[in-house]
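In structure tokens below, several structures.
Shared between the two complexes below is chain A, which pairs with chain B and chain C, respectively.
And then the complex of A and B:
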């Protein structure tokens, strides 16, 4: 099936969504996502940040779609034409969605553990405005402990439903869901029942904001002062392939590995996440691939080396003599 | 006198019982359809009649039925949407309360046309006493062999169940209704797939309004062509209108589509004019979510033609100078009404009823309510009108289900037609008392 996104044509198999097709083209035209998660079925469609304009439905039915559609939940048709960044209307609408997501967000980034790896920060930086037009009291909730390892800070939640879907789909027995409705809706474990299973820690990884945080890591360190490395161990419950966040020889936290779109590659078990905090527990493979745009990459040896080489190359080209070589 | 097809014998004593209902010609359509017609013939009659969905969107019912997927070995369902929650609409309640058998008769005939072995009537939580009435009627129908195995000695078997909702406006949206019926949280589903392909428990499902289903009986009885003769153009048949507001005779009226709006408001047969001899200021013609229109635009279109009570005439001029027939919740307001205060009650309702699934509606409805509250408190600025306009434009069309639009349209229309009123309030800083709403706030908070 041929689909054109922002004037770039791509051939994709049947059943591909517009978002997946856009991601195949590249990050430039891929719409931002806050709730969609490839690994989780029926996720997406809630946050509305990935809306795009369909200017031509298909070859058979060339009529445009009347309203913007959520690209994460709309499958492509042969000959479909889609506008994302080329449509000023969509950029304006997206700005509106980001504003809605931020009006009740506490903006407590300076004390939030998610800062630096927060999707809402990135989204606000790229698509938001510098000033808020909201002048009312923001929504507030008390912090809740979900079990002894996870902290729920509902005030920061954007109700993406990712954690709900994770609990539904990777473990048996639904103990986590959404209660109340409208802007009073909150994620919750029913009657404050703790999430008590081997894979509960994954809700921390899928959370795009700082609503669900790892209590063993809270306030330990800003993420950009830690060094992420890919590591593995032999585990009977999960694949054992993780990302270990180091500060010197200290293991500050363990998370699942994330791909280019900030989505978990393989879910990991709580034992790997919480119980193995020694460097000796892990076989370290090497530095994790972190996007150059991310603030975390400043500690990245791989990139630093690359950068140093580039600088040297440029200096050489300019006939610049390094300090220590100067007479 | 206009012709009545649905509530013509609503004043007959004990019409809610099967005995009296049958004595007045009830269940004739079931006899006719099951014994003399094939399911496709019934569908064809409905198509010919030009009947349009009475729930609000006005989608042709025959067309909706023909979209129903019919795979082998998969059950099909008919679901009746009796979750009538639109402020200003109370026609379904009236019908179910007085003539519950009209609904059940329609359910059997429609299910026969669709080949549905099971049907559900989803009644909103606040109508629990109506649910009892309908349940009693169903019990009577089972006893008389009109429901259950081999109805009236034919091969057709059918079961009908009543399900009472939890009292959420959002469960009137068809996919949220199906979720709720399945026992889940009533969040609207993302479409496609549409219920006609994958609805209740993933099976093909038709969801129709109470009045639509009840209207199938007269269509089968009199024939689709005959039914289509009533009305104007594509708006055929009769429609129940819930008239409320500052009129002399509020209530439920059955009108032939095509009478003029002026006639409806001022004639003695219907609303009987504005109470206390006041002048008409504005009308919300189809339930709280459709755009409000000032008196001069509701009586005459922008072209100067008289406005008719039809789907087409009411929407003439788009949203710039028109509105929608919607579900027929006709709210008239006299010259003393504060549009801003009225809008606040609507905004408050949509804020309270948003399901919270998608961000523009969850956050935007509350924001709009807070800004409108500022107007009432006398603390609003003139720039707040612009802000309000901007917020509604960012909600409209960006949400999963139509609740976003339903919340945005009244705000847009009020600003479009009554902007001066907003500016005057912002300038005067006058305090408008809504403390009597606090009682409600305590209940709902």
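And then the complex of A and C:
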């Protein structure tokens, strides 16, 4: 099936969603997502950040769709034409969505452990407005400990359902879910029952905001002062392939590796995540690839060589003579 | 011929001195007169530290970590100053506030250690600009001279302002910040009170 997104045509198999097709083209045209997760079935459709405009339904029915559609839940049709970043209307609508997501957000990024790798921060920076128009009291909850390793800040939650779906699909016998409805909805466990499944720690990684955070890493260090390295160990429960966040010789935390869409590559078990905080426990493969745009790459100088090569290449193309070769 | 880089170069000649010039004394007297005349001119130096030169109000000198009007430290160790610092002079360690320490620290997280290396610091003021909590400010105080290099690493004992000796930084407040502080509904402008009542203030 042929689909055109922002003027770029791509051939995709039947059953692909608009979002997946856009991701195949590249990160420039891929809509941002807060709730959709490739590895979790039936995820998506809650947050509305991935809305796009369909200007032509299909070759058979060329009428445009009347309203913006959620690209994570809409399958492509042959000859469909979609606008994402080329439509000012969509950018305006997305700004509104961000405003709604931030309505009850406490904006406590200076305190939050997720700051620096938070999708809501990125989304607010790229699509939101600098000012708030909200004048009322924000939703307030007390912090809850879910088990002895996870801290839940319900104030920061955007109700994406990713953690609920992770527990449903990755672990057996989920004990937490979303209770109440609408404005009063919140993640909760059956009477604060602890999540003690072997893979329950993955809810921390899938959480796009700082609602579910690792208690063993709580207030230890800002993420951009730590050094992420890819490491592995032989584990009987999971693949053992993780990302270890170091500060000097100290392992501050262990997370799963994430791909360019900030989605977990392989879920890891709790024993890898919480119990192996020694450098000697891990075989370190090398520094993790962090996007140059991320604050985590601040003060990391791995990219300098790459940059130097680029400059040399450009100089050569422009006909500059290198300094040391001048007469 | 060499390229002329400036117009200050002088052409050197091997001119033979006149008998008057060979005497040297008139030239020496002329020079002494210039020296003597300076005795009656205004001195360009000041007798520091007894006498201080006037500085602009926004002079960027030694940093201060501010407390709020309840005396609680404003800094929440978010790390924005350290990441903004071009000289990498700032380091910090975070800690969690315990129950009963609400009068000491404003937020639930605080800096257990906060150090600025004054030898590295270039006093650019980017830390002040980056701070989301109005905690760090540069003041018009001058960093003292020391004998040892380690004494230039200023910890919280030197940086946090004393409760009884508050440092006024209101002159450094920009117009935007002053406007922002007038909005009482913002969490930033709320005050902590022991009776859990949130007061609104403009500080």
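Definition applied: the second predicted complex is superposed on the first by the 301 of 327 C-alpha atoms of A that agree within 3 Å, B and C clash if a C-alpha of one lies under 4 Å from a C-alpha of the other, contacts with A are read in each partner's own complex, and residues count from 1 in each chain.
Going forward, a contact is a pair of C-beta atoms (placed from the backbone, for glycine too) under 8 Å apart; a residue touches a chain by one contact, two chains touch by 3 or more.
As the structure is a computational prediction, the values presented were derived from the model and not from experiment.
Judged by the touch definition given at the top, the superposed model places A:183 against chain B, while chain C stays out of reach. When the two structures are aligned on the shared chain, A:99 is found in touch with chain B, with no touch to chain C.
Contact with chain B, but none with chain C, is seen for A:47 once the two complexes are overlaid on the shared chain.
The wider contact with chain A, measured as residues touched, comes from B rather than the other of chain B and chain C. By the touch criterion defined above, A:295 lies against chain C but remains apart from chain B after alignment on the C-alpha atoms of chain A. By the touch criterion defined above, A:118 lies against neither chain B nor chain C after alignment on the C-alpha atoms of chain A. Of the two partner chains placed by superposition, only chain C is touched by A:220; chain B is not.
In the superposition on chain A, no contact is made by A:231 with either chain B or chain C.
In the superposition on chain A, no residue of chain A contacts both chain B and chain C.
Across the interface of their complex, chain A is touched by residues 168, 170, 185, 190, 351-360, 362-367, 370, 387, 393-394, 397-400 of chain B.
Interface residues of chain A facing chain C in the complex, by the touch rule stated above, are 106-111, 115, 135, 218-222, 224-225, 295, 298-299. Chain C meets chain A in the complex at residues 76-80, 82-83, 88, 93-96, 107-109, 132-133, 185, 187. Partner chain B is touched in their complex by these residues of chain A: 45-48, 51, 66-68, 70, 73, 93, 96-97, 99-101, 103-104, 133-134, 136, 158-159, 161, 177-178, 180-185.
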